[in-house]
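For reference, the structures are reproduced in the following blocks.
One chain, chain A, appears in both complexes that follow, with chain B as partner in the first and chain C in the second.
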Partner chain A sequence: MAGFDKWTERLSRGVARRTSRRSTLAWLGAAITGAATIPVLPVARAASGSPHGGGGAANAPLVSTNPQDPGDQTSCDYWRYCAIDGFLCSCCGGSASTCPPGTEMSPITWIGTCTNPADNRAYVISYNDCCGTSSCGQCLCNRNEGDRPQVRPQSNNDYNWCLGTQSSVYNCSTAIIVGVALDQPK
Partner chain B sequence: MKLFALALALSASGSALAAAPAAEASFPKPLPDEPIPVIETLPAQWPASWVMVHDLHFGSILDGRVMIVDTASPERPVRGMVRAAQFANMLVSSSRKEILTSETFYSRLTRGERTDAVTIWDMGTLEPKAEILMPGGKRQQSVTYPQLFQFTNGGKWALVANFTPAQSVSVLDLDARKIIAEIDLPGCAQLYPTGQRGFTSLCADGAMLSVKLGADGQAVSSKTIEGVQDIDKQPLFGTPAWVGQKAWFVSYYGQIQGFDFTGDVAKTIPGTFNVGTAEGAAPQWRPGGWQVIAADAAGKLYILMSPNGREGSHKDGGTEVWVVDPATKTRVSRIALRATATAIGVTKEATPRLIAARTDGVIDVHDVASGAFLRTLGTAGGESPILITVP
Partner chain C sequence: MKFTTPGIAMLFALLMAAAGVRAGEVQMRGVSNPQQARIDYILKCQGCHRPDGGGDDRSNPPIKNEVARFLGVPGGREFLARVPGVSTVDLDDTRLANLVNWTLYTFDPAHMPADFRPYSPEEIGHLRRHPLRLERAETRARLVKGFSQDRAKTHSP
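Our next item is the complex of A and B:
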């Protein structure tokens, strides 16, 4: 046991040496406040409409009545979905900002920054997952700009982030406005 | 039950009355009775044309499955199925004649008490033989990465990746049917079996960490190999092509990097090279898909390529497979697929075949030498075929 403790200590020291405090903080922050959403479905927008994941938006457009929030909320191209990955809750009984009935919203989320074409402001978008009901299967949307391998969890969308919930079963993803970004997105 | 059978018999005789007597005359003897019940079994040694296609089952992820597919049999490609629930991982061992699935369940399907378990299935009957419970609800759930569940110690042990999001590895003794160790792995992901007993993992700073395990499954030593990948500029797909204990990785931009996992510490194989480029891209050729690199028995590599390579295209799938020889670092040929594919595999048949799982769910078979399309297996790989395992 003492040998193992020594080994763990060596490992921890090695990791500490290899990882800057800033990146550790960034990772912890991502893990605690929330990191990437969804189970990521490696079938991109290009493939929406394929049998994978139940296909793309077959629905008629669901357009907000607010001219400051333009676009079809069942379409992968809707401005808030710039970093989303999964089934759109707007097609599943919820909306861009709410979970469907009977699900639980994951407290762990991935935050993206998307520009609203109507007011040209950059908004911070929280991609909270809805969990506890089987895959919605509607309106699969997978965008991978900036996605990196699993070795960097905070920028990888292949993890199932239904983590802080009673059930890890994934249903769909929301895209909730949580503020105006201070800086313009890249 | 008997009443039900009687009802069926009555209904059948009713339709027989309506049939033309001439038809009966053509076939004087009725078809023989057939025994009930008969359950198929699979051969102890599966033919080399058989592969396992993991269906993540996006439309109902908690009900994932692995399809057993005979790629030589377009008329009867599906030979059976094994459960692979809720972001499962799968291992197969021809020597143990076992399939292993690492899964998560809830007592009320989507809710209730969580159970993580490895189930051991017989390769001949596809029936479960045993299970190893993994308490604590830690098992990593991800879109299907093979390097989250791996053998080590000559196939006597299995390694299971955990993510809560704290990262660790559980070491399972498959004969004793129990967890024998758990090793913390902060900052590192994916498991590449290394040496006789151990593994290597990729770390968030671009390093690799090789961990040697003792006879009791505990870590006895570790070694960091610095700077094996530049995650920002040249990120590697996490799933490599294996040639024995050597593994060939490809980057998002087509750079090939080999690692040797034969010893206790992973070694970089010197001399990276690029798969090259070609005309007809918009804007450029890049690897694309989920399982984008495979190897044949001779060590040639097959890379799934997309002509629409750009930032974020790395999971979009590819329309061609480029064959490269790592010995000469040159491209040998290009194989045009019939449609965009997500995953590729190469069989170990005397004449190897390239298996492509398309994004529309169809499985196609090509000849690796000529690139010619040979046959389609339809949707034998299930709803969302994402990974091809050649046993």
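Our next item is the complex of A and C:
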């Protein structure tokens, strides 16, 4: 027990000899400043994000110059993504209507309608998945407007829609306008 | 711009041509609203059957140059209204009959029988109450075997 007392005494005296109150203050100041930079790291940015999924802020906004096509195409809130469930191709090296290089667009898709805030008309949107390389992992969005249960497979977005492609591995999703719906869509 | 006589004649010719196109649409019997049918096709069918109805034999069977041939074999007319994609779609009988008739005329005009009797909403409503389920592929294969004989005569050109 006496040995333990001696060891503790030596340790505390050593600390007192080697450090000053000023250096302690300097160290504390550095730690406080360092802690303030943690939210800048990508970990914290991935944790925050829009209500439909995280990651909006991690990507530079991609805004069309067409006034008929308002909104940021890398954000889950973009109007064409109203029924999306997956990673946005516009955050993955592609765009809202094209696949990233090295992937293949699925010819079989699920189709729904979204209201364009510019003219309040419903447009028919085809959610073609891009397939062939592993999940992109950027901008996960899950909005599901008009999504039907799995007993209606043609209107359900929980299935893997990488069908009719060489590979069934899912990478990301596009949202392509294929038509203008009539005034009484169903 | 001043309208000259040839100009007016040309305008008239264009109007006639447009009328001709309209007449072509009207010839689709049982299709009261082709615009509605087109949008319904996009919303309810195109995702799997492709924009041109092409399909493939691995995932979704082709509609294009194929669908009207079912009308020529016994049980084929009933089959078209009972396949799951048709019978279980969330459209009312009137819109569905409009869509089925439009699909036949649009994707397979060559095989349309001259005496085609369009599907009525009543007939569609009656047939869709007995949808095909797991037996659909087998039923289709049996019907397709039935129309392999007429393939010889329709493929003459």
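We adopt the following convention: the second predicted complex is superposed on the first by the 122 of 186 C-alpha atoms of A that agree within 3 Å, B and C clash if a C-alpha of one lies under 4 Å from a C-alpha of the other, contacts with A are read in each partner's own complex, and residues count from 1 in each chain.
Quick note on the criterion: contacts are C-beta pairs under 8 Å (C-beta built on N, C-alpha and C of every residue); 3 or more make two chains touch, one makes a residue touch a chain.
Every value quoted in this text rests on a predicted model; they were computed, and no experiment measured them.
**Q** When the two structures are overlaid on chain A, which partner does A:Val124 contact: first (chain B), second (chain C), both, or neither?
**A** second
**Q** A:Asp158 in the overlay: touching chain B, chain C, both, or neither? Say first, second, both or neither.
**A** Touch partner of A:Asp158: chain B, not chain C.
**Q** Answer with first, second, both or neither: which of chain B and chain C does A:Ile111 touch in the superposed model?
**A** A:Ile111: touches chain C, not chain B.
**Q** Name the contact category of A:Gly179: first (chain B only), second (chain C only), both, or neither.
**A** In the superposed model, A:Gly179 contacts chain C only, not chain B.
**Q** Is chain A touched at more residues by chain B or by chain C?
**A** The partner making contact with more of chain A's residues is B.
**Q** Could you look at A:Gln73 and tell me whether it touches chain B, chain C, both or neither (first, second, both, neither)?
**A** neither
**Q** Based on the A-chain superposition described above, do chain B and chain C contact any of the same residues on chain A, and if so which?
**A** Overlap of chain B and chain C footprints on chain A: residues 152, 163.
**Q** Please output the residues of chain A touching chain B within their complex, sorted ascending.
**A** 3-4, 7-8, 10-12, 14-15, 18-19, 23, 27, 31, 35, 39-44, 46-47, 50-54, 132-135, 137, 140, 142-153, 158-160, 162-163, 166-170
**Q** Which residues of chain C touch chain A in the complex?
**A** 35-36, 38-39, 42-44, 46-48, 50-51, 56, 58-60, 85, 88, 90-91
**Q** In the complex of these two chains, what residues of chain A are touching chain C?
**A** Chain A residues touching chain C: 107-113, 124, 126, 152, 154, 163-164, 178-179, 181-182, 185-186.
**Q** Note which residues of chain B are touching chain A in the complex, please.
**A** 57-63, 86-87, 104, 106, 109-112, 114, 140-143, 145, 163-165, 184, 186-190, 202-205, 207, 209, 218-222, 224, 226, 231-232, 235-238, 289-290, 308, 311-317, 340, 342, 359-361, 379, 383-384, 386
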